[in-house]
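In order of appearance the chains are A, B, C, D and E, and numbering begins at 1 in each one.
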Amino acid sequence: MSHSEYNTERNSLAYSVEKNVEVHAQKCYQCGKCSAGCPVADEMDLPPSMVMRMLQTELAANDEKILRSHSIWLCVTCEMCLSRCPMEIDIPSMMDFLRQRSRSEKKVNPKAKNIIAFHKSFLNSIRFTGRLYELGLILDYKRQSLNMTQDISLAPKMISRGKLHIFPDIIKGKAQIARIFKKTSN
Amino acid sequence: MSDFEPKVVAFVCNWCTYAGADLTGTSRIKYASNVRIIRFPCTGRIDFMLLLKAFANGADGIIVSGCHPNDCHYTSGNFHAKRRWIMFKELMDFMGIDMNRITFSWVSAAEGAKWADVVNTTVTRIRELGPYVSYKELVNKSVEEEVKNE
Amino acid sequence: MARIGVFICHCGENISATVDCGKVAETIGKLKHVAYSTEYKYMCSDPGQTLIKEAIKEHKLTGVVVAACSPRMHEPTFRKACAEGGLNPFLCEMANLREHCSWVHEKNDLTTEKAIDIVRIQVEKVKLNSALQPIRVPVTKTAMVIGGGIAGIQSALDIANTGHKVIMIERSPSIGGHMSQLSETFPTLDCSQCILTPRMVEVAQHPNITLYTYAEVESVEGFIGNFKVKIRKKAKSLDEKTCTGCGLCTTKCPQKKIPNEFEQGMGMRPAIYIPFPQAVPNRPVIDREHCTYYIKGKCKICEIVCPTKAIRFDQPDEILELEIGAIVVATGFDIKHADFFPEYGYGKYKDIIDGLQFERLASASGPTTGAILRPSDGQVPKNIVFIACAGSRDPAKGIAYCSKICCMYTAKHAMLYKHKVHEGKAYVFYMDIRSGGKNYDEFVRRAIEEDHVNYIRGRVSTVFERDGKLIVKGVDTLLGAQPVEIVADMVVLATAGVANSGAEDLAQKLHVSYDAHKFFAEAHPKLKPIETNTAGIFLAGACQNPKDIPDSVSQASGAAVKVAGLFSQNELTREPLVAVVNRTAPPMYSTCVGCFMCQSVCPYQAIEREDFKNREGKIVKTVAKINEGLCQGCGTCVALCRSKSIDLYGYSNNQVYAEVVALLNEY
Amino acid sequence: MKFGIYPGCSLTGSARDYNESVFALAEAFDLEFAQIPDWNCCGATAAHNLNKELSLALPARILALAEQNGLDEIIVPCAACYSRLVVTQNELKKNPELKNRIREVLEMDYHGTSKILNVIEWIDKYIIPKLDEKIVKPFNYKVACYYGCLLVRPDKVLNYDRAEDPQTMDIVMSKIGADPIYYPYKTECCGAGFSVSRTDIVSKLSGKIIEDAEHRGADAIIVACPMCHSNLDMRRSDINKYWKTEYKIPVVFVTQAIGLAIGLSSEKVGLKRHFVEVKIS
Amino acid sequence: MNSLITRAKELLENKSVQVVIGYEAGPTSVARPAFITDPAKAGTLIYDERCVQNLAVYLTKPEVKHLGKMAIVATLPVMRSIMMLISEQQIFADSIVVLGISADGSLLDIADVKVMQGYIEKSDLGNPEKYKELLAELNKLSPEERFAFWQKELSKCIKCYACRQACPMCYCTRCTVEVNQPQWIPVQSNTHGNMEWHILRAMHLAGRCISCGECGRACPVGIPCHLLTMHLVDQVHNYFNVYAGTSEKMSSVLSTFEPNDKESFII
């Protein structure tokens, strides 16, 4: 079997990662330096080096575990892993891809609910105004996350320090922003 | 076309393909007897003009073969040959000369079986293509032209 | 008029079972210029060879074709027979009827036809063969060994013991190399100095070895057997013959704060110094860069105290010109230092040291007389972390290869530490343990099982300092990348082995290839690991890639055998199958037009420039010239030359052209 | 040469203090810059987590607007926005097909020619040369310079400071009289995007950063990123609750520190808006 | 082209060069080469659309070399020829003054080889547009049609070797066609031998041709032989990503290699 034939038969997650973000999981030799430097590794169900290893197996069961993991949502994109990786593997880009894939396949880990709720609220906020409306964001997030009591004491303090607008900033190009959102929705 | 026996000439390097063909012999692997081998020290030595001369002298097919990249006895002769064949092939294609009649291959001293395979596939292909009539006609016509000019 | 003799061999029945040898002999016999054609059962047998010898005389043959087995088998046999029969051996060719015909085809007319063609090709070729004489090159039986580490020492002694002269040059003031810096050696833990020092002394005392320390190669010209080498003997600023090596000057020198190279910067030395107590030669040199006299123009205390008046401040560098027959390159390696590692603090933490520094700490003759102490405060480290693969296998840092020796010396370091600090804890962060070698893996197991060194599989992300301790952050990848944080007193980096400084420069002077990492390149990775692509120059030790002592020593002895083999002859004879650039009468001199594209295809740097001058001495033409000492006869230049000014003996344009024509024309 | 500024959303809201100090410095040093007209949010972490194309399109619109208005150099005080803009510029430069696609999405021309400066680069280039003569109150404090993630990583793309133990902010601080301490947490992550959604993680990570600075005797943590600031300052009570501590070390923007050194009032540079009281003046 | 004349005059007057190679008006619609040694005659120099010949061919001619240090009016193909000739050690960079002419016909200030290299690198180095179409058309034909096309064209060849004489890169003092041991190329003109000659010529120019088209212009019977070398220019760029004549230190494609050179036909 030639290499090219082999490639066309692959439909693993690792292959998708290669195709979409040019990150080659096979480059990883499991030194663990990414996990060692990752600020949230101890919160993760699968530290970054484990995600790499599971991708390498190209087994459907492992691909599934990755897409359903909490880890991919806990990655804060601090880029420490990439900056120290001896093989220069772009784990942050890979994580972005895995998150998007996890969502598109509806495999999001339930524990990541709040994180995604926040991201969605954030994008909702700018979708209609063009800029972030922080108060709106907080209220929308509370609605989405059903986390009504959190930060209840923060908002008044922010307002008293002039750090929270009561009304949103709406840009002139908001229609264009809406179109951008529409065209890029996947 | 059943009695057509193609003439195939093989230009090979001494260290890999010639030795590989020796191994085909010591392994008693049988292959088509249409091939005639010409030995060179290295593929780097093979002048592209010789390939044209082979066709001009009636060859229906040609094999050019040497050491695999990185295995050249002289370190880099085959790399230079490779570039030469790339250019040659493109030029031949552009002039409409049938490159299906030339097989380029890497056959190492350990690849006795591959040598037999290279010869057999080439001979089979040339058998299908038939004699290189257009080239032979060109040569014959040219002889006539010369006679006319004189 | 050519008179060719053709001898068809039956090879028992190997050929005659499928090829009609009689018909071949008969058909060939009718060809133009074939004076004699015959067949015989075994051409390679004595009677067969006699047949050839007699026919040469009887039929006044000008060329011989033996149609038998592969020339790769018996060409030397038949060429020798021809020579004995009075014919130049290069007027003999073989037609391969066995491997290329009888063994690979069925018995039929086509096979016999092919056999006839095969013989015909060689007949046409041999008509155009020329009588060639083997190339003879005289051999200067003096070897030069560059580098005085263990590889150079071994090679020099082995060559010297075969009775040949050796010039050893070493750029530092003493021979000994990295091995002299080591404490104990794996896997036996015997003391490095104890096994090395006697060999160093032997070099100094050997009647066949001339040692030049503080010397470097300036230039190399010529070719195998005939190199002309210039070396620069840097001024030591003293008369070595007068100096007794008493060392008084070194104790009185007021400049004492120069980082000691031998101690890897962990100790200080004066400006006039002997690198280490066992140095060979045991004579000081003045480091002019740091000497007060050379900087400020006054001091001269060494001169005042010297009991034998040996100091020579105005001594110049000396250039020596040497005739050398073979060269062994044994320039060794270097390691990356802690400042190479941003994530481990760019070298700013005193207690993060490299492997060679640890060797000095562990050495009984080192700055701490063998006690493992923190460089920062002289305390005994209670927790020590060894980080393997520091820089090696790290493409991001430009070093993709494995440095090979680190796994073993890290195990040794951890062991030595545990032997000296019994209550201490030693951790090794590793990725893989590469301990192939005799008794090597057993050694690593001992470190783990008997000395309780804690091996953790994972790479350290960062090390930083807090409250005088080093915080080492890693993971245990065998526990699902569980975080590991060790509060260490000292960290030892098993840093990558890299090419020695100046390796590239030297390789260029020697015209020897080197790889992307500036390590010297061998001629063939498997079958010519000691040779370089320049004939007569050999490699020994870690200048080729990081190597441990046994490997370096083995290769050094191998290189010595190569040299001794070369020196076993007074002249080198080579097959004259080399390329030649034609020469014509002035004013043309050659049809070569001097584009020198051949120079860039030649793998052997065999193509030189030849200037032709007119009567006024002005250069009127520059053309290519093949150095037949270097040419290996690949012929790539021949096929490239547009004006057909280069040809190759044995495979000339005329010959190969005739073969093509012969092959296909009707007969 | 026309200079533009892209403040980003935070600077109009939760990081107004930062905004005020940037503009105060610009005023004090006679530096002019035009806000990129009608700028939009860069999309921040949310966009690149959920939608790659969107995460490129939003910053690309900002850069396209800058080009349209002839702004050759854009100052981006927010480290997060800075990172998104540079990464986008780089990504589109590498991939012409993607560039065309983004142009389509934007319905605007985009070339990626504007030079993007982060706040330290801006200070280095335009303030440092005229700084000495303006200093009236040297900032004589021990400071822990905290760079966070996005100012230095990915270093090969940003091409700004070294990723380990960066120095640019330390140098700026020492120029106004401060004593930057050795601080290994310089580039550790504060929790960034989890500011709202995972305050526990933010408290944990930011707590370590604050603890080490206090432990090493710093008088202030200096930052150049509104996200880092909000995590270390606004979230201080959560942090103290999480670690059961009473950390009081103030968190000061690098621009605020310079402002104080050249004699601007603490109101002027926005110090009064901080949650953790800044007893430095 | 006053600036060109002024510059040429100046060079000759202050003896920086002994000869200026340029163009002058001739009896036909095409300008002819001029070899100006007298500053007073610099006024006859012209540069306009009539000036098409690649003057670099004269740089290696002994009779021109004998005149002394040269200045040469150089359009892009001439500059690239000069680069090739320097890299192949046929001329020396310091023995020649380049009077560069830009694409719009104005005089360039080419102070040295570096400047020339900078100019070349900025220029479009592919085959000229007018030939690209022809090449594309030929490539669209079937192999048999191409074979027929070239047989027809090459049957016209009279072996006058004008293509060789016009080419700045064909500077060998002895050409392969003059070798008779063995006789690589038949002396007489016939279609097959003509084809062998043109293949030889194209191969010898592979990686060295700078797309000036001079060979085709020179052919008295109108064989588009420049298309052969230009096709290889495209292929060299395609396979090895280089154009000839861009640097004085460049080695030709066929005398160098990369271990990872890609091809798809060697089995």
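Here is the rule we go by: contacts are C-beta pairs under 8 Å (C-beta built on N, C-alpha and C of every residue); 3 or more make two chains touch, one makes a residue touch a chain.
Computed from a predicted structure; not experimentally measured.
Looking at chain A and chain E, the chains that touch each of them are C. Of the two interfaces, A-D and C-D, the higher number of touching C-beta pairs belongs to A-D. Centres computed as Cα averages put chain C at a distance of 44 Å from chain E.
Computed centre separation for the pair chain B/chain D is 68 angstrom, with centres defined by C-alpha atoms.
One inter-chain figure worth recording: chain B and chain E are separated by 33 Å, centre to centre, where each centre is the mean of the chain's CA atoms. Averaged Cα coordinates give chain B a centre that lies 37 Å from the centre of chain C.
Among all residues of chain C, those that touch two or more other chains are 343, 462, 601, 640, 653, 657. For chain E, the set of residues touching two or more other chains reads 184, 254-256. Residues of chain D in contact with at least two other chains: 163-164. Touching chain pairs in this entry, ordered by label, are A-C, A-D, B-C, B-E, C-D, C-E. Listing the residues of chain C that touch chain D in their complex gives 342-343, 345-346, 462, 464-466, 471. The part of chain A that touches chain D in the complex is made up of residues 39-40, 43, 74, 76-80, 82-83, 92, 96-97, 99-100, 103, 114-120, 122-123, 125-126, 130-132, 134, 137-138, 141, 145, 150-151, 154, 157-158, 161-165, 169, 171-173, 176-177, 179-181, 183-186. If you check the complex, the residues on chain B that touch chain C are 5, 7, 9, 14, 18-19, 21-26, 28-31, 33-34, 36-42, 44-48, 50, 53-54, 57-59, 73-77, 80-81, 84, 116. Contact residues on chain C toward chain E in their complex (touch as defined above): 588, 591, 593-598, 600-601, 622, 640, 642-645, 653-654, 657-658.
Those residues of chain E lying in contact with chain C across their complex are 88-90, 171-176, 179, 181-182, 184, 204, 251-252, 254-256.
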